[in-house]
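Structures follow.
Both of the next two complexes hold chain A, though its partner changes from chain B to chain C.
Moving on to the complex of A and B:
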């Protein structure tokens, strides 16, 4: 019983509900309150790590909390093993950086924005920490609805269209997930993950297949793997930059975590292997990665392009995890971390670079690099990391992914990794070249500039915004040189991931 | 971090001739740094920072035996030299970067394959297919035959000190790597044939260039061919020959590129027909040029003679190899001698030589840094020429080796006679200077050929070749795929039931395969 894991969810939730009351007192106080909330969250995480450092080193780290004192399998349990700790830490770090960025970036409707943002924070923490199927469904729905509202935050026509499309897709996915939870409950009479995991093998194979298929469809929709990638680029494009950074940096990683949790801990990878679904999923994820990179080639919109490249990277991560080898998990988890920082950093930098341009289109990207030289250089460093240049973090993670594919003799996977890097060179170099092009303004351009649309976002606090961009770049460069720092946490989380029996024993017996 | 640092330190190896090569690399970099002191005017600080990065990374590339640090350091060499090209033109930076990136991706693939086959450290590799992949990998970076197409345009357009670095040492790194991986006993036949093709083709191109720097770039390819041939031959003396050739060519080519910078400033041109009174205007530069070309042409008592003799002596003895190597020697002597003929002999007036020399009539005030760089280069050529075992008997096996200087003297005399006869009767093989030699023109030629097949003459704006051909083809192809996959929203939603059905029927589908 450790109350801090409950507080990890309650602090952002409480912040979200208190923000409107703070607004009643003084709207300027809101920013400090938001900062206070996120700092408290960081403090909790750091204190959890420091207090349990010895256990972490010995590989026996496990914390749990029974809500209302009801022990499993009756009550709801929150459990934190090494895998969830790693995800919680990187999620909290990303959320922390993006909150500071939002303080500089969001200049209007701030109150609503922060309420939704902290609901996302609470829901993602909850989805990572909970050990209960129905609870995870609740948190997924919370994530869907809040992020849907944030995608439509600009209230333009495209933004609303994208938000509606996003909601249709994700509510359908939530429905499927709910159906899966219901079927599990009617067949096993329990909702605790460890309990389900213990008894799942006793089900008929037809029901096993149906449950796996439903969960698979639901989570693949959420992650944006090939047949369901359609909602992703549009919503990434129209959302404000910090929201996109959250969508790409945090939400997709949370869904990957749920994917791992359900298909390794709850359903079990042996079930997938017995149903031969692992082969299908591996190839599907690689195909999705291929499509993502190819679609990125034709994109004339920088934020959409980054969305397509996200599809490519998430497909690659899913595929390398589906190998179910130690090297695969190592590469996959490292790439999750590096992709989280790279993509969030890129969207954050985009938010700064696109502040005065008419649209996100390729032709309006002209001269961006000349106007904001230092941020553009940080942007280029992040792009190089996405491509996989050696001194940066992207290289290290791609290297491990590639080695994992080669070790498992999956040559299609190895091809996709190298293909991704090569196409990335093509589509990123194009934008870099455009960014350094001189702008020659004509009369017509000026007229169009003035009459087309008012300047929507003029940055509120420019220094904070550029500082966060540099911070992301520093993370990429620093951890690129010291990627061995992740060695211990990754090995820890792989151990806890591979050892399902221990998880079951600890949840049910502890 | 501490672990990686320990790995890094323990990966260094200081055996056989690699420390010697590393030392030569340091000396050559020092020469170019001296020459650059007055050549590079803007952002001098950054230039020297890049030189430092380049120097440290070359040392790692030569001395490490760990694949990861090797690849990493080579990338750093590439990046440093790439940005050095910016002192000439950003266009070059882009082209060089793209070319080197594609080269390093092949090399990365090769390294991974080697790693997967169990060669966890860089060392002798016995499997021939793996050798082939790695040779292809360094091919683009080190200008092996058919991959050398980028080398003359870029080496000739770069600033003179950067050309000296690129041509003198960067391209050699690949051959130093090959010295590590090709087994001494067997060699590699494919490499041998590539080397032969390089010597003949690039030698011929060097013979018919009018531009000094382009000629130097082609002669680089030709001399690199000799290294490849030596490594491909296999055998102790052939490898020593390759090492000596790397060192000799390094000194000669660095000196030549530095002096080419001085000639260019003196005459405002790179065409060799326009160089008049060179000896009286720039005596030291002229001496350095003559000595270096003598080394390239394998005149006896120079560094080049020793290396070429070693390579020649490692071949299987017989009439055919004697004739072939005699002709190859003649070719390199001809293209080296032709430049000297045009600069110093043809249409020159030496009647008032001493007055001119005293008067010191010239256009370009030479600096002591430049003179020092040239003197170091000349010293290197002479030292390697007289002591092939190197100061301190580093290559101890060569102490006892008989270099047959009399035969060399005989051959040089014969070459000189043939060259004099040919130059006198063919007015020094005067050819028109080539037009602007650049990768864009190559692309234009290729496209003209390609479109010429359909009998339509299309004129392209070469500035936009990348945009029009390369990118648009990719763009349109991927857009077609995109439009095919992205149907309207109902069909997009239809994927959900389709996917579910496929999953539920997957057992049956799977059993068909």
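Moving on to the complex of A and C:
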């Protein structure tokens, strides 16, 4: 029993509900409480790591909390093993950086924005920490509703259309997830993940196939894998930049975590293999990666291009995890971490650079690099990391992914990794070249720009926004040189992921 | 058997409205119809013809209906209502800008 696990969910939830009341009293206090909430969250995570450092080193790390004092399998359990800890840490770090960015970026309706933002923080922490199937459903739906509202946050025609499209796809996925959870309950009479995992093999293979297929469809829609990817680029394009950073940096990674949790811990990979679903899924993911990169080639809009590239990378991560080898998990998890920072950093940098342009289109990208050289150099560093240039973090993770594919003799997968890097060179270098093109501005243009970009007219906001961009670049460069730092946490999380019996024992027995 | 038949009919009706109709509000109705079908099926499936699961002192009832699916469905209904509300709000917003709620006439929804 460790109350800090519960507090990890309750602190952002409490902050979200506190902010409207703070607004009523004094709107200037709002930012103070936002910072307080996110700092408290970071403090909780850091204290969990420091207090349990010895167990972490020995590979015995496990914390849980019984809600209401009801022991499993009756009550709801929150459980944290090494895999959840790694995801919780990187999620909290991303949320921390993006909330500071938002203080500089979001100009109006700040109160509403922070409420939705902290609800996303609470829901993603909850989805990572819970050990109960229905709880995962509730947190997924929380993520869907809040992120749908944030996608429509700009209140333009395009934003509303994108949000409607996003919501229709994701509500359908949530409905399928609900049906899957209920079918599991009717067959096994329990909702605890460890308990389900213990008894899942005793079901008939027809029901096993049905449940696996339903969960697979639901999670593939949520992650944006090939047959269901059409909601993704549009919503990435129209959402405000910090929201896009959250969508690609936090939400898609939380869905990957749920995917791993359900298909390794709950259903079990042996079941998937027996049903022959793993080959299908591997091919779908690789196809998704291929189509993501091909669509990115023809895209003429920088944010939409990054969305398609996200599809490519998430497909690659899913494929390399589906190999079910240790090297595959190592590469996949490392690429999850590096993609999280690279993509969020790119959207953050885009939010700054697109202030200079009229639209997100390629032709308007002209001259952006000359207007603010230092941020554009950070942007280029992040792009090179996406391509996989050697001293940066993107190279390390792509190398491990490629090695995992070669080790498993999946040559199509290895081809996709190299194909992704090569196409990325083409579609990113285009933008870098365009950014350095000379542009002539008249007095009227400059005047119009000052009205259309309130962000840059206030000094401290510009400072914050560019500082976060540099911070992301520093993370990419720093960890690119020292990616061995991730060795211990990744090995621990792979160990706890592969050892399902230990997880069951700890959740049910503790 | 009868339950399953009604579930399939309702679900397919909702799916038809979601896919084939071009009016966005009808799409939302279709989505809600699918949700209603699932909820109906869950409640009907968990009903084994027993008592309500409230234990009274000094009274012995051996056959209860399982209350857990009912509780889960209640949560599902709340979530369905909030997503429907959010969708309808966004459709009203869209109507303000473009003056139409027809999916085919809207620019920017079909790319």
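Here is the rule we use: the second predicted complex is superposed on the first by the 489 of 510 C-alpha atoms of A that agree within 3 Å, B and C clash if a C-alpha of one lies under 4 Å from a C-alpha of the other, contacts with A are read in each partner's own complex, and residues count from 1 in each chain.
Keep this in mind: a residue touches a chain if its C-beta (ideal position, glycine included) is under 8 Å from a C-beta of that chain, and two chains touch if they have at least 3 such contacts.
Note that the structure is a prediction, hence the values are computed from the model and not measured.
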Once the two structures are overlaid on chain A, check if chain B and chain C clash or fit side by side. fit
So, A:172: does it touch chain B (first), chain C (second), both, or neither? both
Which of the two partners, first being chain B and second being chain C, lies in contact with A:141: first, second, both, or neither? second
Taking the superposition on A as described, I'd like to know which of chain B and chain C A:295 touches: first, second, both or neither. first
Comparing chain B against chain C, which has contacts with more of the residues in chain A? B
Can you pull out the angle centred on chain A between the C-alpha centres of chain B and chain C, to the nearest 10°? 140
Classify the contacts of A:402 with the two partner chains as first (chain B alone), second (chain C alone), both, or neither. first
After superposition on the shared chain, which partner residues are touched by A:149: those of chain B (first), chain C (second), both, or neither? second
First (chain B), second (chain C), both or neither touched by A:160: second
Minimum distance between Cα atoms of chain B and chain C in the superposition (Å): 5
Touching both chain C and chain B, counted on chain A across the two superposed complexes: 165, 168, 172
Sites on chain B touched by chain A in the complex: 1, 3-4, 71-72, 75-76, 94, 98, 101, 105, 108-109, 112, 115-116, 471, 474-476, 478-479, 481-482, 485-486, 489, 492-493, 495-496, 498-500, 503-504, 506-507, 510
Given the complex with chain B, which residues does chain A contribute to the contact? 165, 168-169, 172, 209-210, 212-214, 216-217, 220-221, 227-228, 230, 275-277, 279-280, 291, 294-295, 297-298, 389-391, 402-403, 406-407, 414, 418, 421-422, 425-426, 430, 433, 481-482, 484-485
For the chain C and chain A complex, residues of the former touching the latter: 18, 24, 27, 31, 34-35, 38, 42, 45-46, 68-69, 72, 75-76, 79-80, 82-83, 86-87, 90-91, 93-94, 97-98, 106, 108-109, 111
Under the stated contact criterion, what part of chain A meets chain C in this complex? 134, 138, 141, 144-145, 148-149, 152, 155-158, 160-165, 167-168, 171-172, 174-175, 178-179, 181-182, 185-186, 191, 234
